[in-house]
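The two complexes that follow have chain A in common; it is paired with chain B in the first and with chain C in the second.
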Partner chain A sequence: MSGHSSWPEWVYIGVVVALLCYVGAEAWNIERIVEHVPADAEIIKVTGQQWLWTFEHEDGTKEIGELHLEKGKAYKFEITSKDVIHSFNIHDYVVLLDAVPGRVNTVWFSPTEAGEYDIQCREYCGLIHYNMRGTLIVEDKGA
Partner chain B sequence: MKAIIGLGMVLGLLMILPAIQYALAAGDEPGEYLDRRVEIWGLFYRLMIVAFTVGTVVSGMIVWLVLRFRESNPKANPTSYEESGTW
Partner chain C sequence: MVLELHKPRPIWQIMFSTHHTDVGLLYLITSLAFMFMGGALALILRLELFAPGTQVIADSMTYNRIFTVHGTTLIFLFILPSASAFGNYLVPIMVRYKDMAYPKLNAIAFWMIPPAGALIWLGFADFTWYAYPTYSVISAPGPAADMWIFGLKILGVSSILGSINFIVTIMKCKHPDLPLSKMPLLAWAYLTSSLITVVAVPTFAAALLMLLTDRLGASGFFNPLMGGDPIAYQHLFWFTFHPEVYILVIPAIGFMYEIFPRFSRKPIFSHGSGVTAFVLLALVGFASWAHHMYATGMSFTEKTVFMVGTLAAVPASAMHTFNFLATMWGGRIKFATPIMWAVGGIALFFSAGAGGVVNSAMPLDFITHDSYWVVGHFHLFVMGTILFGTVGFVYYMFPYITGRMYNEMWGKVHFILSFVGTVMVFFTQHILGLFGMPRRIYDYPPIPEWVQMNIIISIGAFIIGISMAIFLANLIYSSAKGKPADMDDPFGLGGKYYYPYQAKNPHH
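Now for the complex of A and B:
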């Protein structure tokens, strides 16, 4: 293969490496930005158990199966489980994190629109997994 | 050839460095309010553009190779192996 020009191969390799670097850097960047919790975020303790979700607000108020939040405010969820692995999901706000026994996982978000949204378990956790649901109720400030 | 590779490396660095700098800085700043949906779906769509671009280029090149180097192509030349009959 002497005299064979290899510049197309180098261009090809260069483009692929550049794209891979872009993909990695961009994903890493967004992950860091999304995970950075605002200082004034209210902490909500979320506990999953077969087959319901329990929520505890900072003031000690507890809710089961329903979560009332205020529009425009930041909330940090501290998620754990009492029995098996569950996964806490609010599909409409792209919140998804595993609830693992003996471990606290955190995720934060700020609801932007008032209304009702589904909360559901996204990790198969037993017979009634399909019905391990809850409702997120986002209310306007002062409502 | 070297100039093209050099230019490619410089352009690559110019693209990567700001992203790294921005990412590192995000760890030091106080968290800002943002819409996860916008950030995450935006990332998804950008990466899908990259994925489909790569897919188009790779599959396009394979199609071109198959058509260009098929035996029945009028432009096809026998390889040195085929010409000499030795393998």
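Now for the complex of A and C:
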């Protein structure tokens, strides 16, 4: 247009594209690794409903609002919903997945520290969405 | 220019007019009114969140209704109409035609907005600005929800009609001496954003109808109990609304393409780069919609595809930023109010984009999704970039529209307070999201970090509130009593060279 040189713009675009490629490749690689579920993961069935969480262990025991797990073990959550879409979230362990009626979504994690962690709903689900909370209690059975 | 309201006219003459500047004025006044109304709702929300426990809102349902109407109002009743306002003023002038291609259609598109706004405000629905099923089908209380659906339906039709009008005005009514390649970048902004509208909005229009019949029990598109799939709605919704974010941002970028060269007293660095970036964004913008849905249980492959599609759209935005900075570089810049807003806007645009890249990277989105991070992210765009660009342009156009000058000092105070407030509110919200606070919650447990950050955010919001009160006062006072503007050079920049599109409208 106005006869200025355009190489600085090309260099700049090159840098931006290179950064984006790096972010994309890294994200792809990490996601690939974290999605790999260990074979010995214990299954926990998670059901969201307005406005509480129910958990069912492999042995059939059920808990409401509280979830007791053991430190160091791997767990695979099978998440669904009875009514509207919720989102199952343990923020401290970056566990986040929607509870969708008519579907079962799975995600796995392994608690590394004994203690209590917040469980919350991260998808708007109506009146008591703000208080659709629970507690994850990680126990150290080995100690 | 031909925009000023030469002599006072009775209001009904403007209301029943189909002339593009009159329709533009109607759009502008309506959109600013909704901006103040939607902003007021945000202040109520921030009062409530100032501390844990109930503050000013008695129950969560009211809170949920307020944030729903807040978001709906500011996106559909402020940003879209304010873009149409300036498009109406300037597109015909920029393509050197006497009016919009279809003046009556233009007035109709505007007059669909007040009834739609009334439906949304009188209904006061609670299902958030995206109305996901199954909540919206089986749980959201009517008639509010149904009124919202009808309101959005009307707004969708209105924006499709408006966009067709811009496209035809530009493609068919452009002066034969003016090649597309020489058309001002703001007109290019309207061309590209209108094309995106025409392609993107119909899916949402369809989804709204399906939602309505689902609510009536006549169908079960999104209801798993009737064999439907709620996730299908999310695809239809985001196929419209990811491109929609570009519909919203492109006009604001266009405003900055007017402001930067003018106040830098230098031609735009690269017209070609601006055009390329607009067109690129319009195309690539369609490849990213499901980045809003990583957490719905998509497969690894699907997530990867949409991550790549999202990242691919970033260079186009980066090109605009470069173009702005390179335009200012070495210019004799006059820091009047409009360019201050534009400079603030690109600073926030850049920060917002960086946060967007974080959201797009799949593993990181599981930290940020539906937390306050996302609220901070998109507000840096809708407020930090789009509102800043728009408000800067309101100041810029003020003398051309009213024939008077706004108060420069208060314009700058408005900017400084808004900028400080915006940084306080939306940067803090990013961090709050990293600490795990979900969005759309009426109350929260007294986790110390959450409490502290919410206080900072609420204070920032009130600083913005004060700045907007100053804005309102400045607008009202100056349009009645401001000192008459020098219509040839209201900002004292000297030299007509800096007003490239000002070639006289041949029909006036």
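In this section, the second predicted complex is superposed on the first by the 131 of 143 C-alpha atoms of A that agree within 3 Å, B and C clash if a C-alpha of one lies under 4 Å from a C-alpha of the other, contacts with A are read in each partner's own complex, and residues count from 1 in each chain.
Just so we're on the same page, a residue touches a chain if its C-beta (ideal position, glycine included) is under 8 Å from a C-beta of that chain, and two chains touch if they have at least 3 such contacts.
None of these values were measured; they are calculated from a predicted model.
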| query | Is A:Phe109 in contact with chain B, with chain C, with both, or with neither (first, second, both, neither)? | reply | first
| query | Touching A:Arg32, do we find chain B (first), chain C (second), both, or neither? | reply | both
| query | After lining up the shared chain so the two structures overlap, which partner does A:Lys141 touch, if you call chain B first and chain C second: first, second, both or neither? | reply | neither
| message | A:Asp118 in the overlay: touching chain B, chain C, both, or neither? Say first, second, both or neither. | response | second
| query | Looking at the overlay, does A:Ile85 come into contact with chain B only (first), chain C only (second), both, or neither? | reply | second
| query | Touching A:Val17, do we find chain B (first), chain C (second), both, or neither? | reply | both
| said: In the overlaid three-chain picture, which partner chain does A:Gln50 touch, first (chain B) or second (chain C), both, or neither? | reply: second
| said: Quick check for you: in the superposed arrangement, does A:Asn131 touch first (chain B), second (chain C), both or neither? | reply: second
| request: May I ask you to decide whether A:Val100 touches chain B, chain C, both, or neither, giving the answer as first, second, both or neither? | output: second
| Overlap of the chain B and chain C footprints on chain A, listed as residue numbers | 16-17, 23, 26-28, 30, 32, 34, 92, 94-95
| Residue numbers on chain C that touch chain A, as the complex places them | 60-61, 64, 126-128, 132-135, 138-140, 224-225, 229-231, 267-273, 295-297, 300, 303-304, 307-308, 311-312, 314-315, 318-319, 322, 326, 357, 360-364, 366-367, 369-371, 435-436, 438, 440-445
| task | Using the touch rule from the top, collect the residues of chain A that touch chain B in their complex. | result | 7, 10-11, 14-19, 21-23, 25-30, 32-34, 36-39, 41, 74, 92-95, 108-110, 112
| request: Report the residues of chain B in contact with chain A in the complex, numbered from low to high. | output: 1, 4-5, 8-9, 11-12, 15-16, 19-20, 22-23, 26-27, 29-37, 39-43, 46-47, 50, 53-54, 57
| remark: Within their complex, chain A touches chain C through residues 1-2, 4, 6, 8-9, 12-13, 16-17, 20, 23-24, 26-28, 30-32, 34-35, 50, 83-85, 87, 89, 91-92, 94-98, 100-103, 105-106, 118, 120-131, 133
